[in-house]
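Order as written gives the chain letters A, B, C and D; numbering starts at 1 within each chain.
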Amino acid sequence: MIQNVWLIPALPLAAFLISGLLGRRWLHHWTGVIASTAVGASAVIAIGVFLEVLGGKTRTIVSLYEWIGVGDFRVNVAALVDPLSSVMLLVVTVVSFLIFVYSNGYMAHDHGFYRFFAWMSLFVFAMLILVMADNFLLLFVGWEGVGLCSYLLIGFWFERPAPYVAAKKAFVMNRIGDWGYTIGMITIFLVFNSLNFTDVFARVEENPPTQSVLTLIAIALFFGATGKSAQLPLYSWLPDAMEGPTPVSALIHAATMVTAGVYLVARSTPLFAAAGPALGIVGIVGAVTAIFAATIALVQFDIKRVMAYSTVSQLGYMFLALGVGAPVAAIFHLATHAFFKALLFLGSGSVIHAVGGEQDMRKMGGLRRKLPVTYWTMLLAGGALAALPPLAGFWSKDEIVGAAFTNGYPILWAIGIFTAVLTAFYVTRALWMTFHGEPRDHHLHDHAHESPGVMTLPLMALAVGTVVLGFAIGWPPEAGFIHRFLTPSVEIPGESEHVAEVGTIVVLAIVSLAAGVLGILVALAMYVRRRPDPVAVARAAGPYYRILVNKYYIDELYDHRFVDAMRALFGIAWAFDIHIVDGIANRLGWLAVLGGGGLRRVQTGIVGNYALTIVAGLLVLLVAYGGYAAGVFTR
Amino acid sequence: MPEGPFGLDPVIWAPLRLIIAVLLAVGLVFNGALAQIYLERKIQAIIQDRIGPLHTGPWGLLQTFADAIKLLGKEDIRARLTDKWFFLAAPSIVFSPMIASFVVVPFAPGIVGANLNIGLLYLTTLGSMTVLGIVIAGWASNNKYSLIGGLRSAGQLISYEVPQILSLVTVVLLVGTLSMVGIAESQPDWRINFLILPLAFVTYFIAGLAETNRNPFDLPEAESELVAGFLTEYSGMRWAIFFLAEYGEVTVVSAIATTLWFGAWHGPLTDRLPLLGVIWFTLKTYFFVLVFMWIRATLPRLRIDQLMSLCWKVLIPLTLTNLMVTSVLLLAYPSSRIPVAIANWILLGLFGLAVPFFQRRRLASLRERLRAAAA
Amino acid sequence: MSVSLGAFVAVSAVLFFIGTAGVLVRRNAIVILMCVELMLNAANLALVAFSRRSASVDERGSVFVVFIFVIAAAEVAVGLAIVLAAYRNRPTVDVDEIQRMKG
Amino acid sequence: MTYDVVEPIFFALLTIGIVSAGAGVVLANRITTSALLMAFSFLNVAGMFVLLGAETVAAFQVLIYVGAITVLILYGVMFTPQQPRAYGLFFQKQTPLAAIVVVPIAIFVALFAFSFRDAPEAGAKGHDLEPLATSVFRDFGFPFEVASVLLLAAMIGAIVLVKRDEE
C-alpha cells in the first residue's frame, strides 16, 4: 500500500483533468460524483497508508523519478511517508471527501458546477503534494498550487466585484509570504547544498551552520508560513476570502490550506529548534494573532467572518504550540480543528443555503426548529471550539495551553487562557444569534428549510469526528496515542518534553475549562438576559468598539501607509524611467532610424535577393576557410 | 546464398527462381486479368440474377479474349490538346509499380523473386507511386472531369495509405520482420495471423478497397459524376493498361492480405510437397479477389465527403488504437500472443457493434434535418 | 568498391548547387520549393554516403536522413500552404512580385 | 560480370540521371515538366541509396519524395495558374550575379569532395534496416518524438493557412 502512495494525489489529479476537460460539455453534474469518488478513494488509500505507518513503517521515501538533476542540484519527485505526513494525508483526504459530498448539494444550482469541482480536485491534488513532499522544492510546488487554487476558488463568482477583489488580495498577500519562503529555500540550498528534508535536518544536527544563518532561514520560512496560514502581519486576506463559496471556505480556508504553514513549521521542527530565537518569535506571533483575531471576532455580524477570524485565532494557537515546543499538540489541534471548523463552516453554509444567501446574523435568529440537524451539529462544533469536554477541541487546546505553562511560558499561557474566554464568548454569541431568540427577519425565517441529505450527512459525519476524535487519540493527556505516534517525526532533538505531574495537568485543565465556561456564561448573560445589554456595552465602549468593528484599521493602514509609500516610490522610478532611461533609448532610436534609413535599400522584398546574399556569405566563408587552412592568417 | 530446394545447384537455382517468380507474376497479372474479368462478369451476373457472357466459347469463356483482341485492334487516339509525353507516360507509371510488386510476393517456399528484408516497405513504396501516375493521367488529359478524377484519386490514395500502413505495421510488430518470406514462415500450420489480428485485417481490407479504387470507393472513376474520371480520354491499349493495372493491384492487395494474415503458402501437404504452396497461395489470393467482386456487386458507392470522413474519422483512429493496444500488449506479454488476440477480437467486436449504432444515429439526424427542411 | 566515397559526395555537391542555382534564378515560388527539395536530397545523398562508407558501425548518418524526410515533408506542406495563401491575396506565384517585405 | 564492374556503370547512369534531371528542373519552362523531372531525380537518388546499400532509406525516399512530396507539389501546380513565360520573366534579374557566386563554390566543393576516402573496414556493412531502426528508436528516440510534434505542427499550420475564412 505504501508504495502506491502516489495514487492518493493522482486520483484527484485525474478527477481534475476529467472534470476540467470534459465537464463543460459532457459531464455536467457528474463531475461532482466523479470528483467525490476520486477523493473518497484517496481517503481509503490514505487510511491504508496510515495503518501501515501505524504498523511500524515509520519512515518510507517513495521516489517516483528524478525531477531536476543539474550538477549537485538534485530534486526528486518523491513522497515522504512518516507519522506526520500520514496524519496530514488522512485529515486532508477525509475532510475533503466529506466537503466534496456536501458541495454536491450546496453547489447544485450553480452554473459553474464543473469548474468548481475541477478546481477543488486540483486543490486537493496540490495539498496532497504539499504534505507528501520529501523536499522543500516539491513542497513549494504544492504550496503554490494551493495558493493558485485558493485564488481561483475565492474568485469563483468572478462576475461580482467583491470575490474578484478578495481573490486578488489573497493572491498578493500569499505572494508576499511566498517571497519569504523562496528566500528561505534558496538559503537552505546555499547552506546545505540540498533541499531534501532528510539531508537538511541531518546536517542541522551533525554540523550546524552559524546561529544567524539558521535564524534567517527559520524566520524566512516562518514568514512564508504567516502568509499561507494568515498570521500577523499577513492575516487580512483570510476574512475577505469568505467571498468564495462556503465549501471552499470550509476546505481551503479552515481545514487544510491555511494549516500548511503549521505543517511547514512542524515539519521543519529540527531547523527551528536549532535556530534559537526563531521558535520564540513563532510562539509570540501565534499568541498575538490568537488574541488579536479573537477580539475582532467578538463584534462581527457576518456569520462567515466570525468563523474566519476564529480560524485565524485558532491557527494562532497552533503557532503558539509550535513556539512553546509542543509540535505534537499543534498537529493534534490542527487535526481536531480541521473537523470542528469544517463542520462550523459547513453548518454556516447550510444556514446560508437555508435562508437564501443571507450571511448577516442580525437577520437570522430562531432557526433552531427549522434546521435541527444543522443546529445540533453546529452546537457540537461550537462546544468543541469553546473547548468543552469531552469534545475534540478541549483535548487539543488544553494540551496547547498546558504545554505553554509547563514549558515555562506563563505569559503565553495567560494569553491563551484569555483568548479561550473570548473564543467561548464569540462562538456562543454567533450560535445564539443564529439559532435562538425571536426570528428577526420573518420573511427569511419562513422560507428557511433544512438542507438535503447530501449536505446533512457530511455534517453528521464531521460531528462524529468532532465528538470522538479528541478523546480517542488524546487520552490520556500529554501521553495519548497521538503523542506516541507523532513524536518520532517531530521530536526536538536533545530536548525531552517536560512531562508535567498529573496534579498540574488536572489544575490546568480545570482552569481552561473554567475559562471556556466563563466565556459562555458571559455571552449567555448578554444575549439571553440582556444584562448587560450588548448594545449598551457597545455604546459604553464606543471608541474601542469602533476599532474592533473596523478590524483595528489594518486594511486602511496597509492601504494608506504601504501602498501610498509604494506609489511615491514608483513615481520617482517612473520619472527616472521616462526622462533618463527612455531619453537614452530615444536618442539611440534616432541613431537606429538614421542607420535603418540607409540599410532599408538592402531590403528589396525580393526573396531571391536574400537567398543570393546567403550564398554570397557562403562564398565568403569558404574563402575565409581556405585562407585559414592555407595559413594566411597565422603569418 | 540461398539453399537450392530441389537438389539443384544454388548457382542455377538463383536465376531460375527469379524467372519462375517473374513468370508467375506475369501469368497472374495477364492471365489473371483475363480470368478476373470473366469471373467478375459472371459473378456480378449471378448476384444480379442474370446469365452473363454466354455465347463466345463454352460458357462464354472466350468473351474476354475477344474483348482483349478488340482493345488491341482499336485505333490509338490521343486528343490534340492533351499533353503528349505525360499522356503517354501515365499508363506505364501506373502499371510498372504494380508489376514490380510481384517481385517480393512469396508464392511458395523458395519461389520468390527476391527475399528483400524490407519487403513490406518495398510494397508500400510501390503502392504510393501509383498516385503519381493517376495524377499525371488526370492532368495530361486536359479535361476537367479527368483532372477532378485524378485529384480525387490522389487525395483518396494518400489518405487511405495511412490506415493501410498502420494496419501493416501492426502485423510487423507482431512478427518482427518486414520480409514477406519471414512473415509467411512465421505462421505455420493453422496459426495464422488472422486469428491474432482480425481487426488489422479488416481495416487493411477496407483501406485496400480504397487503394485499388474499387467499389464502394471507386469515386475517381464514378461514371455518374465524372464520366470515367482520369480514364475519360484514354482508349484502346492505353486504357487496357490502366485496367490491367487495376486488376493487378487487386491481386497485389489480395496477395499481401494472404501473406500477412492467412499464412501465405501454408496449407495441407505443403511440408511434403513445397511446390503445392503455389496452388494454395493462388487459391487464397483468388478467394480475396472474389470477395472484392462480391463487394462490388453488393455495396453502393460512397460520396466523396463520406469517403474522406470514413478514412480520417473512423479508420485512422481505429488503426491507431489498434496499433497502440497491440504494441503495449506485446511489450507487456512478450512471450504470449493470446492477450493481443483477445484485445483485437474485442476491438473488432466493438467496431462491428458500433457501425449499426452510429449508422442509425446518422440516419435519425438526417431524417430530422429532412423534416426540418420540409417544415 | 570501385566507386569511391568521393564520387558520391561529388554528385551530391553538384546536385546541391544545381538546386541552389535554381533557387537563385527562378521566379516561380513552386519551382523554388522544388529546388529546395533538390538541395535537401543532395544533403541526404551525402549523409547516406558517409554513413555507409565511413568507419562507424551504426547508422547515425541515415538517421539524420530520416529526420530530413520529416522536415522536408513539413516544409513542403507549409511552403505550399504559404504559396497558396499568398496566391489568394495576390493572384501571382512570382516571388519578384510578392514584395511585402520591402523595407 | 562481377559486382565491381556493374557498380560504376550503374553509378554513371544514375549520375547522369540525377544531374540532367536536376538541371531540367531549373531550366524547364513548364512547371509540370519541372515537377516530373524532380520526381525522376528523386528516383535516381533512391537508386544511389540502393547502390550504397541503404535499401531502407531508399524505400523511404521513394515513399516520401515520390509518393508524397511530388504529389503535393503537383497539387500546388494545379491550384495556381501557370503559363510559359518569356525568358526575361522566367529568370530573375540577378541571374548573372548568381552565376558568379555559385559557380566558383560549386566547382570548389565538387573538387574538394573527391578528397573523401572510404574507410577500409566499412566495406562489410550489411543491411541497414536493423541498425537504422535501433538508432531511430533507441538512440534518437527523443528527437524522433520532437520530429513527430514538428509534423503535427506543420500539418495544423498548413491547414490553418489554406483554410478559407468562413463568413
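Going forward, a contact is a pair of C-beta atoms (placed from the backbone, for glycine too) under 8 Å apart; a residue touches a chain by one contact, two chains touch by 3 or more.
Just so you know, these numbers come straight off a predicted model, no measurement behind them.
Visitor: Determine the set of chains touching subunit B that also touch subunit D.
Guide: Neighbours common to subunit B and subunit D are absent.
Visitor: Going by the touch criterion at the top, tell me which pair is linked by more C-beta contacts: A-D or A-C.
Guide: A-C
Visitor: Using Cα averages as centroids, what's the distance between subunit A and subunit C in whole Å?
Guide: Between these chains, centre-to-centre, one finds 59 Å.
Visitor: Can you check how far apart subunit B and subunit C are, centre to centre, with Cα atoms defining each centre and the answer in Å?
Guide: For subunit B versus subunit C, the centre distance works out to 33 Å.
Visitor: Between subunit A and subunit B, what is the gap in Å from one C-alpha centre to the other?
Guide: 66
Visitor: Can you pull out the residues of subunit A that are in contact with at least two other chains?
Guide: As it turns out, subunit A has residues touching two or more other chains at 606, 608, 612, 615.
Visitor: Could you list which residues of subunit C touch at least two other chains?
Guide: Expected reply: 20, 24-25, 27, 96.
Visitor: By residue number and range, which residues of subunit D touch two or more other chains?
Guide: Residues 56, 60, 68, 75, 92, 94, 98, 101-102, 105, 109 of subunit D touch two or more partner chains.
Visitor: Pull out all the chain pairs that touch, please.
Guide: A-C, A-D, B-D, C-D
Visitor: Which of the residues in subunit D come into contact with subunit B in the complex?
Guide: It is residues 32, 36, 39, 55-56, 59-60, 62-63, 66-68, 70-71, 74-75, 78, 127, 129 of subunit D that touch subunit B.
Visitor: Touching residues of subunit B toward subunit D in the complex: what are they?
Guide: It is residues 83, 86, 89, 116-118, 121-122, 124-126, 128-129, 131-132, 135-136, 139, 147, 151, 154, 158, 161, 178 of subunit B that touch subunit D.
Visitor: Going by the contact rule set out above, which residues of subunit A touch subunit C in the complex?
Guide: 596, 599-608, 611-612, 615
Visitor: For subunit C, which residues are in contact with subunit A within the complex?
Guide: These residues of subunit C touch subunit A: 20, 23-25, 27, 32, 95-96, 98-103.
Visitor: Hey, which residues of subunit D end up touching subunit A in the complex?
Guide: Going by the criterion above, the answer is residues 92, 94, 97-98, 101-102, 104-105, 108-109.
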